[in-house]
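In what follows, chain A forms one complex with chain B and a second complex with chain C.
Right, the complex of A and B next:
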């Protein structure tokens, strides 16, 4: 069994002293994040899927579009639904469902899942104005609804960052068949798949990323692992919107006149400790710097995966032509 | 960063290569595999008798020492043996003993009478000492010790026989699979850079800076919380700990020689890059080449 025990006093002091010298126990500096790996198209039974591993944390996102029949005019909340599951083997703190506890209190996994759903709704709420919902509408009564399932397979810190990257990748992978609505007698509406079997894609570059900035002593850390996360008293999660970063684009936070109030959509303080105003400013700056770097890396990884996917599809097409 | 690099692919290739090298002399068995043993062979752990036929029960390597045949598992839970040096964490303080988590099936026990205080020798324990010892080690503290005995029901009893073992101080604990740490005579190793190691047989490896004045004590640098480790020594400790992680990632044997080699090869990289997959791969491949040169795969 995996016990999540606290360390001894001298062990903690050694770690704090290392962090004060800008060297963490895995060698990174305080502002270094762990490089993500993105895999698209991992699940063939859905129309879009992605998996992101980031320093031991592992999040899988699966998108299953459904056709819903509505009786009223749809709002933006009807187009995407989010569900989050934290696996019990991801972290010992999630293995608390069904525990026979006499002490009343909410389960850690349920709390974490609901906070994640709130973060995803905040992400979607921030981009609903730029998103084009015309493809989601099939007829006056039928719409596509994207059911987004998020599963946390491993939690080694930075799960919200990992989840945001995986959602961005999943929407890059999604392909929805085009549905044509036809009029049948007596006012009924029939739905047919286009005979050309064409697909439409979502704009994935709208989806924002999240950076978690942790406060440990007087230092600000990004991308804490599970070991450091035990001693974090307060943390600040920054969500940031940005367009797709092309190759060669280098975003430097100091050089650009960045309007923060128009792009930060999510800021959440967690854990029991408080934060001073100056710390919030420093952590916000650090979070924005790291998120802009992550945008460059994540978008390049997504484009590489999409390029591989196109090559694979072309091979299948050529094989079909050969048989004919 | 090289985006075409994938740690999983290189790890698979490397592990396959390593197993291929080892499998010249080793026999790898799987559960349920029939073993054609001689009649006078003694079956050890990992082998059971089914209808007169010897069958292995674990995935591992078949080893034979004279008449004793057993299977050393490549996984599973650590089974203690008497005399092993282990590093464990206190999970409970009871009336006269501590319970330690050493990654085995049961928690190990450390009696107050088997614990030796530094500087105090050959004294009997009485009630006042028991009350004082309860607060000496609290939940979460790390202890290094030897396995004193193993009872019939599998309970492991530890002891700290000398001042080399005992409560551990400032340092880094690295958890590796237990089968990577081979049993040897030297599980306590001092590097010339000022960093010491405790290679626990249960896979817990303690990397800590040692004080030249008290170099034989288990506490390491100092028991004073305000006595800080110098910066260079601390960075070396962190680098050594990451070298142990590199060896564990690529399933290479972990002993004092391989850790020293990994440290030499990691000197060419910056400390903040030491956990990047390309750096891990380069260091591990160099260590693997050195192991091949020194004949560590031809026993």
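Right, the complex of A and C next:
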């Protein structure tokens, strides 16, 4: 077989010609992202859960609040802990754990999980000043700790975008019972739940979103799928903070009169290619533009899911399932 | 009609933006304020900690590099090379990196960065680079990149360009810019950026920003990183030929 054909040269040339004319292989333009779908309350064994699918990528976030007894004053890192698992069936590159291999290399899944945890910690550290931790503290020694489990079920590109949307949705879904602390003998603290159970919620509109911009040839593409990801030279992930976008509000990046790029809290380059400085400027501007559109769409979807939840309708069973 | 004569966010040499070309701003009489004209109080001090670079500090290995930034010490050394047959796959890397297990999450970008600049003309020789962190006092990524550079150059492995990285932090509440902060200063920062370039190819290979600042936006932070890399490049290139002189 020809070596050039083995490397996929012809399909690479075909793809580059397609994106130069602003036409991708799945019919999108270069700046068009795949619309996300958000499901809240998919796991009844925990107090908050969300699932986000975005063109084949599937990320599930589960929040399990737990009560911890501390011996020192809690800091902001004690309230939320993040754990990320990349499923081996999500992508063939994650199926490398425990391989009996002579080559001592880095596991792709553990690398990806570590970078995802760092991104989640960056998201949390950027909003910790606006967050209200008074509900998290039960007594002087007891606090609520949110254990946030992120599971990547399918990786078809744009997993970090999916993860940020799912985390935002999961914090919209979480409901924590209010704990009453009472004093018992010898200074011990007893924790009780009132017979009339009340719940408290977190502010979900603080959580930011992440947009991945890919460099392919001379073009900047948003939300590449797995097929396009093979030929991506380098990619830049931009995380942006924004408030909740109400219905009817359309955010136009060109008409903004303040510097929105001061709210970029996360920027990271991936893959084994260098980028020109002008490319980073263009990719950053494109990432901001797309993230603002995603905020409008994601917040509308979350409000729709919350309304459905109030009406006690099961959103998972509303989907049509086709059996072969 | 209200016209906003807004000041540009950056006056660096590298802040040419294509949006400025599409919408040209008419600055007829107004003089553009240059960065060298700023006040002394707001001028950024590009002062690095004491930098010590060395090589051939370990015996019994193929080559080694050592970098010390203040109290941060990193050793990068190559094991004896292995010869592999020609039937190996072309996707397999000939250079493997073994990171220090305690600092793996901080050094996770090291293999990706050097795969950008590594060339592989000889695919029958396989190298393995071990990275050992002696002490970490902030700026670990910049020191490690410098140590790996020296180890690869002493091993005569062909590189497209040298990689220069710098860490810049913005102090919370005072918005002071600190170039090459130590670990105690990093704890007080509200925005930290790790920026790495190939200075001759003029490409960016490392961009890692965590946190945001109310005074500097994302572009300004990248400009600060780029300028810091250029200043560090001049310091390193002054000392680098001494490592390759023969002792006589």
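Quick notes
Everything that follows uses one rule, which is that the second predicted complex is superposed on the first by the 301 of 324 C-alpha atoms of A that agree within 3 Å, B and C clash if a C-alpha of one lies under 4 Å from a C-alpha of the other, contacts with A are read in each partner's own complex, and residues count from 1 in each chain.
The rule is short, and it goes like this: a residue touches a chain if its C-beta (ideal position, glycine included) is under 8 Å from a C-beta of that chain, and two chains touch if they have at least 3 such contacts.
Predicted, not measured: the structure shown is a model, and the values here were computed from it.
Following the overlay on chain A, a side-by-side fit with no clash is recorded for the pair chain B and chain C. Greater residue coverage of chain A by touch, when chain B is weighed against chain C, goes to C.
Touch criterion not met for A:78: it reaches neither chain B nor chain C.
Once the two complexes are overlaid on the shared chain, A:304 sits against chain B while remaining clear of chain C. Of the two partner chains, chain B is the only one that A:9 touches; chain C does not reach it. Using the contact criterion defined above for the overlaid structures, shared-chain residue A:18 touches chain B, although it does not reach chain C. Touch criterion met: A:269 reaches chain C, while chain B stays clear of it. In the overlay built on the shared chain, the residue A:29 is in contact with chain B alone; chain C does not reach it. Of the two partner chains placed by superposition, A:244 touches none, neither chain B nor chain C. Once the two complexes are laid over each other on the shared chain, residue contacts for A:37 go to chain B alone; chain C is not touched.
Our summary of the superposed model lists a minimum C-alpha distance of 10 Å between chain B and chain C. On chain A, the surface touched by chain B in one complex and the surface touched by chain C in the other have residues 7 in common.
By the touch rule above, chain B contacts chain A in their complex via residues 1, 3-4, 6-7, 89, 91, 101, 138-142, 167-173, 223, 225, 228-229, 231, 234-235, 238-239, 241-242, 245, 271-277.
Those residues of chain A lying in contact with chain C across their complex are 7, 103-106, 111, 114-115, 118, 122, 125-126, 236, 238, 241, 257, 259, 261-278, 280-282, 284-285.
Here chain A touches chain B in the complex through residues 3, 5-11, 13-14, 17-18, 21, 23-29, 32, 34-35, 37, 297, 300-301, 304, going by the rule given at the top. Chain C meets chain A in the complex at residues 4, 9, 14, 16-19, 90, 92-93, 96-99, 104-105, 108, 111-112, 115-116, 128, 191, 193, 198, 201-214, 216-219, 222, 226.
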